[in-house]
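What follows is a group of structures, each given as structure tokens.
Okay, so chain A shows up in both of these, paired with chain B first and chain C after.
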Partner chain A sequence: MEDIFESSLHLEETHFEEGYSDGYKHGLVIGKEEAQQVGLRVGFEAGEELGFYRGCIEVWNFAIRVDQTRFSDRIQKMIKQMEELVEKYPVFDPESESVQELMEALRLKFRAISATLGMKLEYNGYPKMGQDPKEMGF
Partner chain B sequence: MELYEGGCELKLLETLEGHSDRVWSLAWNPVTAAAGTPLVFASCSGDKTVRIWENTPSHSASWTCKAVLEDTHTRTVRSCAWSPSGKLLATASFDATTAIWENVGGDYECVSTLEGHENEVKSVSWNASGTLLATCGRDKSVWIWELQPGNEFECVSVLQGHTQDVKMVQWHPSTDVLFSCSYDNTIKVWAGDDDDWQCVQTLGEPNSGHSSTVWALSFNASGDKMVTCSDDLTLKIWETDNIQMHSGDGYAPWRHLCTLTGYHDRSIFSVHWSSEGIIASGAADDAIRFFVENRDGLVDGPTYKLLLKKEKAHDMDINSIQWSSGEKRLLASASDDGTIKIWELASLCMENGH
Partner chain C sequence: MEGNLAEELYSESLKLSKTNLVSSSTSVSKESDLHDCLGDDSQDGDGPIWDSSGDELNDSSELDREWQRRRDQHHTHGYREGITAGKEASAQEGFNIGFKQSVLVGYNWGVVRGVTSALSFLPDELKERLIGTQEKRNEFRDLYESVHSLSTADALRLFNDNLMAKKALEQRENAEVSSHLAGPQEQSLGSGRLDNYMGELQLLLPDSPDLRVHFRRDE
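What follows is the complex of A and B.
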């Protein structure tokens, strides 16, 4: 007797569990797809920026070898420091806590070097330091 | 210091017109007013130019514009600073560049342009020896440059730390320690070992700091005290241990000494400490105020009192106020009203026979 009524008494709960289970399975699939997309994009962006800096460093190092006197000690030291930062970047460990810090440090060094060399070189992929459209200039 | 016992007044010597937009800042050439050379100062404006003014020796109350530095900056010139030798003038602009000018036989030539800031440069300052230049701006960064032979500059460091627009940078008068103040309500102290510069102290609300934008800072003559002014309507005096500072460690911590509240009811944009110890402030209520140390009273630690208030000194906000380094108590003020005024703080009666 009780069995017949049991199922109708717990109707809401049963439907809830069914819906939850369906949603969860679906979420797992969608979540994984999305995560893959995000991972690819972020990885690509980081890789592109890192590659850009490596390219600049290679050209600068080549130029230094061609004519060392044209580059001051300070500039050469900065380029070396930048090179070290690029080496240190954990390419295979994107969840490492130092990625953000290292990238920021690289961007700063790059700006300091380009400012001293008088180059208007800019990497167009990353967000600008002071971007806040709400602020006015006084 | 007893000179003002008889009271004093602020005399307007001259009102200088010429700029076609608000005047943001001015800077006295540090080597003039010595041994007969006429006083010179530079002013910079929203009209994208910098003007050089000279005190004509034949008429002691008369100032003329000797040069207009134009066609270089493409936006407002926000700040200017002379090198300690008086030979170079650095001008900081909203066009994101800092220009370096040299006086070549009366004509000013732009000999160098410093680029690097992402947007508006707000302030520029030379260190005491003239070897380093600091700039800051809306991109929240502070840049340190080193002067090389041939008026070239090398970027020594790009300093991040402020979380908002940096309004002013100022080097300490005797050591190579850099101070910056910002829209983020803090004052930061930067010290460097070789090329490695770091923020060694932040003076914020937890240290009795300001509760709103800090617009300017100024040191006393001995460099052991500093005054800051803010949107929070107060002036704050800070002090440090001078002996420790010069001991070779290069840096000694700063602590809050006192706060001057209730004297201003609008933002204070500029503050300057004279070599004699008189603090001048310029505010958004168009008034100039003077403060001196209060020697009476048995309070432990110095306090400061209002010496004089000049209301309606200008028709609009006062953006900058600067004492000249000469013998007379001359100062200049720059305003949104497009004018520059030259004042003299004069005693009403003779010295007290001290």
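What follows is the complex of A and C.
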């Protein structure tokens, strides 16, 4: 009897490892699929918001070229800064540490510009302007 | 013999349970099936182990059940830990794949949103100087309204639908190629509704050469 239980100790480990290895392989597959779905959503949302700012900047720049007198130096400078932020944004590097910081800077600039221009222009996508608890103070 | 005894006892069950485990993530649910198989196997095979007083058949199959129960227990425990570790190990990779698949589509769609929104919020007289004719202004306004009526979630759904349609089309094409039946039914699903909005904006733009809109393609 002792022999059997001695080997059982060894077997427990073996069975655990077999199970672990089966589970790990399965986990790799589902984990990747699940995370890919999340990535699709987050990528689309980040892309949309960034593209939205880019589109606004292009229209504003167009308007500045047509009638510069309507835009103060200060506003023009802010638009330029916003443009630089968009260009700096690492579109293909979601792991970059600067992503969050850049997007927040963009949101603030955008709100400042549209407020100064007296527009009720809003980014209605996700996350909705003003829903970010960090920005509630404004 | 000592060390091998236990393994011999249920080497059959190991093989059996492995095949079962591949097709199901819950090994526990197969326990009863395995026990039935095991009982038969051990009675045919290894025979008496420690004594031969006549009771050995019952004893050995009871022992088998115990082995099997413990085996499953440890396997399941390992499986649970393994699946968590595996998911964690592949999550970032999967996330990055998905992110890169969608970020440009979202970006280009966002550009359409941004251009039409910013234009519609300009003061009228400035808008008139930017866009020459009333007709064009109306077209821009119409595009803004249809774009604006779509939330990000709506747009994301359109993108997903398009992605699924493309996948289905690819699968069909693969099937057709392998059966030498490649039909002339491509294109129709190639561009989704989001692309259509991009196309509409691009059509409106040539009359405004100073409005430089940059859509992004793969780098």
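As a convention for this text, the second predicted complex is superposed on the first by the 114 of 138 C-alpha atoms of A that agree within 3 Å, B and C clash if a C-alpha of one lies under 4 Å from a C-alpha of the other, contacts with A are read in each partner's own complex, and residues count from 1 in each chain.
Quick note on the criterion: a contact is a pair of C-beta atoms (placed from the backbone, for glycine too) under 8 Å apart; a residue touches a chain by one contact, two chains touch by 3 or more.
In this text, all values refer to a predicted model and were calculated from it rather than measured experimentally.
S.K.: Determine, for the superposed model, which of the two partners chain B and chain C contacts more residues of chain A.
M.R.: Result: the larger residue contact count on chain A belongs to C.
S.K.: Is A:K120 contacted by the first partner chain B, the second partner chain C, both or neither?
M.R.: Once the two structures are laid over each other on A, A:K120 reaches both partners.
S.K.: Could you look at A:E104 and tell me whether it touches chain B, chain C, both or neither (first, second, both, neither)?
M.R.: Touch status of A:E104: first partner only.
S.K.: Based on the superposed arrangement, let me know which partner A:V59 touches: chain B (first), chain C (second), both, or neither?
M.R.: Only chain C; A:V59 stays clear of chain B.
S.K.: Under the stated touch criterion, which partner chain does A:A112 make contact with: chain B (first), chain C (second), both, or neither?
M.R.: A:A112: touches chain B, not chain C.
S.K.: Is there a shared patch on chain A that both chain B and chain C touch, and which residues make it up?
M.R.: 114, 120
S.K.: Mind pulling up the chain C residues that touch chain A in the complex?
M.R.: Per the touch definition, chain C meets chain A at residues 2-7, 18, 21-22, 25, 27, 50, 63, 67, 70-71, 74-119, 121-122, 126, 129-130, 148, 151-153, 155-156, 159-160, 163, 208, 210-214, 216, 219.
S.K.: Report the residues of chain B in contact with chain A in the complex, numbered from low to high.
M.R.: By the definition above, chain B touches chain A via 76, 94, 114-116, 118-120, 137-141, 143, 146, 148, 153-158, 160, 164-165, 183, 195.
S.K.: Could you list, by residue number, the parts of chain A that touch chain B in their complex?
M.R.: Residue list for chain A touching chain B: 72, 74-75, 77, 104, 108, 111-116, 118, 120, 128-130, 135, 137.
S.K.: Show me the residue ranges of chain A that touch chain C in the complex, using the header's touch definition.
M.R.: These residues of chain A touch chain C: 1, 3-4, 6-8, 11-13, 15-63, 65-67, 70, 91-92, 94-95, 114, 119-121, 124-126.
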